[in-house]
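There are two complexes below, and they share subunit A, which is joined by subunit B in the first and by subunit C in the second.
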Partner chain A sequence: MAGLPEAFLAAIQADFPPDFLSLDAGDLATFGRDWTKVHAPSPGAIAFPRTTDEVSRLLRLCSAHAVPVVPSGGRTGLAGGAVAARGELVVSLDRMRHMGPVDMLGGTVRVQAGAVTEAVHQHCAAQGLTWPVDFASKGSSQVGGNIATNAGGVKVIRYGLTRQWVLGLQVVLANGDVLEVGGALEKNNTGLDLRQLFIGSEGTLGIITEATLKLTRLPGHLDVLLFAVADLAGVLALFREARMGGALAPGAGLEPGHGPFTVTAYEFFTERCLDRVKRHRKVRNPLSAPSDYYVLMEVENAHRDALEAWVASLFERELVTDGTLAQHSSQAAELWTLREGISESLSATGLPHKNDVALPISELSGFCAGLDDLFARRYPGWEICLFGHIGDGNLHINVMKPDDLTREQFLARTHEADHDIFALVKAHHGSISAEHGIGLLKKDFLGYTRAPAELALMRAVKRTLDPQGLLNPGKILDA
Partner chain B sequence: MKILVALKRVADPDNANKVKIPPSGDRIDTAGLEWKPNPFDEYALEAALRLTEDGKAPKARAGEVVVVTFGPKETEQTLRAALATGADRAIRVDVTDDKLDGALVARALKALVEREKPDVVLMGKQAVDGDSNQVGQSLAELLDWPMATFAATIQEEQGALLVGREVDGGVAVLRVRLPAVVTVDLRIVAPTSVYSLKTARTHKYNDGVRFAALPAIMASKKKPLAEVKLADLTADSGLKVQYHGFEPPPARKAGIKVKDVADLVARLKNEAKVL
Partner chain C sequence: MAGLPEAFLAAIQADFPPDFLSLDAGDLATFGRDWTKVHAPSPGAIAFPRTTDEVSRLLRLCSAHAVPVVPSGGRTGLAGGAVAARGELVVSLDRMRHMGPVDMLGGTVRVQAGAVTEAVHQHCAAQGLTWPVDFASKGSSQVGGNIATNAGGVKVIRYGLTRQWVLGLQVVLANGDVLEVGGALEKNNTGLDLRQLFIGSEGTLGIITEATLKLTRLPGHLDVLLFAVADLAGVLALFREARMGGALAPGAGLEPGHGPFTVTAYEFFTERCLDRVKRHRKVRNPLSAPSDYYVLMEVENAHRDALEAWVASLFERELVTDGTLAQHSSQAAELWTLREGISESLSATGLPHKNDVALPISELSGFCAGLDDLFARRYPGWEICLFGHIGDGNLHINVMKPDDLTREQFLARTHEADHDIFALVKAHHGSISAEHGIGLLKKDFLGYTRAPAELALMRAVKRTLDPQGLLNPGKILDA
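And now, the complex of A and B:
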């Protein structure tokens, strides 16, 4: 690894506070990567700016000295988007976590990019509002990273992606210029929406330093249910019922005031996932007998009688084989742990290779049958842990390293398996990355989802905003 | 075996920030609070269910569990949840929290025990709202029954219970003749804490309180839930405890930033006076 240029380091020392830059080995190892553990971290240094002005001056300096930069948030990404493996300068937003006052009338809040998702939730909850971007890693993930990756999560079915909850952005461009896009307006039809260009750009077009977030009211009473269903077809049949809020049940007879409920989460996972969680943490199956597939469903403001009548009809029509309804908040939290613990437990009990694909819901059955067939034929004996936000057509396909393969052998073979999986995704009109992004991990496969003309356009945008190719080089597209 | 389980609902500690005290300071404003069963009472219910079944085939009941709570109409939700979890019958004593104290609850429970004639009365060692830790002991005294408090294990014997209590430096084991009053601690829901005569000693329960299966939730609507007037249980509804005022805990003071370690040490020494 070539170190950072002497002149660059000297300029940092002269123009920035003494604690601005860290070369500490622990910091380099920590800030050099995200939750993707396949790349060895090797950054040149870590910068910890406190203000937008510092970010701006830093990027101007990087541009002058041709120093490549990796923007870094909570580092909970799963596609290697925050990995610095080639001596880059990591710019951590950890110190930029100020949150402005909540605008109750406009339903907005302005925060710095390093604000932690959960802290934003707590900040707004006091006013009865929330930023409905929510996922398992909310205790570490940061607003800037959420926006740069257009993060999804468990509540997308109710609220949509991060993209829908960002009104304005402050972005520092590669040359150090500070760009304000959007402001705090719900409506702003004045030409190209540049804000959307940066949302999901994975740090390749600029560093997001502040954001004006759109807020919504806190949800009402939430009921959490866990169902056991026989197979994937059952998961989908139950989803059809759930998304109609119980209105499909024969003789549902939704009485006045018993209106259809709103589904705020519809997640599924397999027994193999639950097994892994049970091996890793102290949890139990709340149902009396194991089942191949489970559905975790959360509903808002359901009338208890209407919900129970719907559930009764599910049993009568044999749509579910077993289930439970959390009787209070601790039980609800325990049920959520079964789903939200999966990603962490897979990593703690083995080496998972993660794929995060999206499919039209109507294609899910065909795709999963094809997937089973593919692995039975070409990779027999590999353990696949399947879970995800099935209501969004989003499957997390986790392939676990078999014991008889070394790490290197496994990674080489997963690369081959990915080509097979993504060919299947393409055949079913899906996307090779539903919410994790492209980063380093999925870059070779972008062509399965994006057409050559689209890729050329993306390259042109990148060249325009970052002509030297210094921002998160090698992510999404080859440098 | 017939067991009476006393259940109390408490404000959900996860929603502690919703607890409001009006400026008059004479009561706690419970509007908008979410409720849940007192966790120790939930453990008592779990223990009661284990004592009235064969752990291997829990669907066939081997006894009766009657749950009772004191509260207004909406506390029936707490009882329904207990019925869904496996209790056989429920009783609600119609009264509001502000008209109750531990001594009155114990007097009313005594009358209820005389009607129901259970072999055991089980309840949590205390409720997590008032932390009074009175009702079990008072009830045993009023009934003149044997008592075991803070039970960590219970093993059924012929006509008696063997109760393990965790004490400093070890476990004290009591044998209480039935009928008896037993209050339970949190370890009572560990996998090998409770054995009925029917359950094999090799059986291991799931750790914790069981979830209510959906079919059981539906079936629980048909289980009997009776309402009893407090006046029918005790003519003396006077309170021994009167609350004189409520105050929220003082707001946390803002922290300070120190320059360096020397500054920190100096402040700990001179201002906080902890060094």
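And now, the complex of A and C:
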């Protein structure tokens, strides 16, 4: 690996503040990768701009010296999108955390890309508003990274993906030009919506430096429920009931469609996941007996009596085998821990290989049956921990390393298994990544989910915006 | 104007059904334009495909013979996007109206692009679901056209634009290739989201032939209210209250953010608009006295007592000067007529010149003051009828032809006035088209709202997807 060009480093020294660039070994290790640990970090240097103008001048310089760039946010990604493994210059947004005043009337806020998700939540909560992009890594993840990866999370069923909550973007292009697209506008039909190119582009088309975020009211009262169901069909049958907001509950006295609540989360996990959480977090199962499948459901603005009547009717109709409704907020938090603790507990108790697939909800049963069959035939004895945002069709498939394989053997076998899994995803009209993105880790598999004509179009857009191929090279696809 | 090439017509005759192409004068006149009347229709022929394969083979033929194409849906557009004024071949989706079964579990439906909006509503309502894209022209507008124009409407404040309700698209490209993007997936983060290129592209990048639509529950109980307020500041102050769902109403006994209702529409209009509706539709003002400004508000799932307490508090706090809450559905429909009848009544009682601009909500006051000042200075005596979806920052500015100007004089003056209006829009960080789109009518003004770098990028994408420039040529921008 060659270092950064001398002339480039000299220009940085001449034109930027003394603390602009870091070659510190600790910084190189920290800022050279995200939460994935597959690739070793090896950046050429880390730049810490404070302003859009600095980012602009930096990219102009990178373009002149053909220096490849890896944009870097909170580095909580799970696809290697922020990994700098080949001597690239990392551009960290860490110092660009300014948040403008909340526009109460318009329900918007303008922030720099390095603003941390949770800080945005706190900034807006005082006004009774929120940016409803929410997930476990909110304490580290940054707005720019959320947008660049079109982040998902546990509230997508209620609020949609990050894409829906971005009104305007300021983006620095590969040549240093600053593009302002959108603005504080809900409606703007004036040709191609350029925001959409950058949202989910994983830093390959430009560096997002500022965003105008769309806000919504803080949610109303939330109720959290945990149910045990016999099988995946039961998970889906219960989902159908929940989606109608309990409107079909006998005795609820409500018209169809006029249900007593709105579903804000519908998550499922298996006993294998819960078992790992119990071991790692020393928590207990709040239900009286283990079950193969669990559903965690959160609902907003429930009429309490109607909700309880609905739950009772689920038991009567044998749609659930057990269940509990949190009676206060600490109980609700305990139930959430069972679900949100899974990822961490899997990593703490073993070596998981992660996949994050999406299926049309109507294909979930068939897909999961096929998955069981596939592993029984090809990878017998492997432990599969299945959980996810099933209300969005999003399954997290975690394969745990068997004791009799080394780490290297396991990674080689899972690469093989991924081809099998993704062939099954394709057969069921799914996506190989629901929310984590492609980055480096899923690049080899992109053809399972995007047709050649799509890939050609993606490459054409990439060439138009980044003709030198300097922005996050090798991520999503090779040029 | 030269006709279509003989060899092209011969190939159509050889390879397509006998009723595929129409040269009938009535069809040419009907299918050669949309609701705009500025350009005279002059298409070369009208094609009526029944299948995606026919569209694909047709576009391959058009590409081979360099025949320009105008895609045509329900032709209810207001920007001239579906006008064929230069001998183009119109491709009507009228025969592609098939609707697949509603997927209850996934909350989706797959339809052909020619399915009429209202037919989709009826198709889904039986299952308690709806595609919440809704506007006055729903009886004619088609799904493909709605998507190609990213249609808006009166429920955007609640549900967002069409863009949010499209999961998958089938698009025929200029060379005849059929692209399938998305699918019945809520989440799919696998590189560039190509759906977004086609949504709002006004037929310039491909012809949408099928779509998988995202559905939602039918709304719960709706209440409709009409208020009189003194001025625009009052319209906005009331909006702030409504947006918080009445949560700040003294005595409602609710926490901030836990309001008793969800706003599904927040519309305003002026006395001048109401006066035209009263003259044309022979309706009366349900309030006791005229007011300069009116607000029509629709709310969902209101707690009736809390809603009435909120309304009472608006009077007490002098946030409104008068108001009424519809007591039953026919009264609600009467209130809606006052707002939805405006467009038709303006056209029936005079010659309106329409603009459809969007402003950040926080800029609305300043913009409207500037507009008043502009017309007082430059166009004294002109009647401006102002109404719109103010909750989305969307103003419909209708300038009525003064009696002392001919139609031609008026159109020339309004073209001049548009430059003044759009300069004001630009100064207030707005958009020259909130929902109608650019088409032919606003093309000359696009530079007021999109920067040169944006226009260059739009042109680059257009050249990539349609190198011959055959798809809806001259719409949005010249190649």
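Everything that follows uses one rule, which is that the second predicted complex is superposed on the first by the 471 of 479 C-alpha atoms of A that agree within 3 Å, B and C clash if a C-alpha of one lies under 4 Å from a C-alpha of the other, contacts with A are read in each partner's own complex, and residues count from 1 in each chain.
FYI, a contact is a pair of C-beta atoms (placed from the backbone, for glycine too) under 8 Å apart; a residue touches a chain by one contact, two chains touch by 3 or more.
Treat the numbers as computed from the prediction; the structure is a model and nothing was measured.
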Between subunit B and subunit C, pick out the one touching the greater number of residues of subunit A.
C
Could you look at A:Thr117 and tell me whether it touches subunit B, subunit C, both or neither (first, second, both, neither)?
neither
Figure out whether A:Ser288 sits in contact with subunit B (first) or subunit C (second), or with both, or with neither.
first
Name the contact category of A:Val311: first (subunit B only), second (subunit C only), both, or neither.
first
After the superposition on A, what does A:Thr36 contact: first (subunit B), second (subunit C), both or neither?
neither
Check the residue A:Asn472 against both partner chains and state whether it touches subunit B (first), subunit C (second), both, or neither.
neither
Just subunit B (first), just subunit C (second), both, or neither: which does A:Thr324 touch?
first
Considering each complex separately, which residues of subunit A are in contact with subunit B in the first and with subunit C in the second?
221
Under the touch definition given earlier, write down the residues of subunit B that touch subunit A in their complex.
12, 14-15, 34-37, 39, 81, 84-85, 206-208, 210-215, 217-218, 221
In the complex, the residues of subunit C that touch subunit A are 103-108, 128, 149-150, 152, 156-157, 160-161, 163-164, 173, 177, 179-181, 183-194, 196-197, 199-202, 217-221, 236, 239-240, 243-245, 247, 256-259, 301, 358-362, 389, 392-394, 429-438, 442, 446, 449-451, 453-454, 457-458, 460-461, 464-465, 476-477
Could you pull out which subunit A residues touch subunit B in their complex?
221, 225, 227, 282, 284-288, 308, 311-312, 315, 320, 322-331
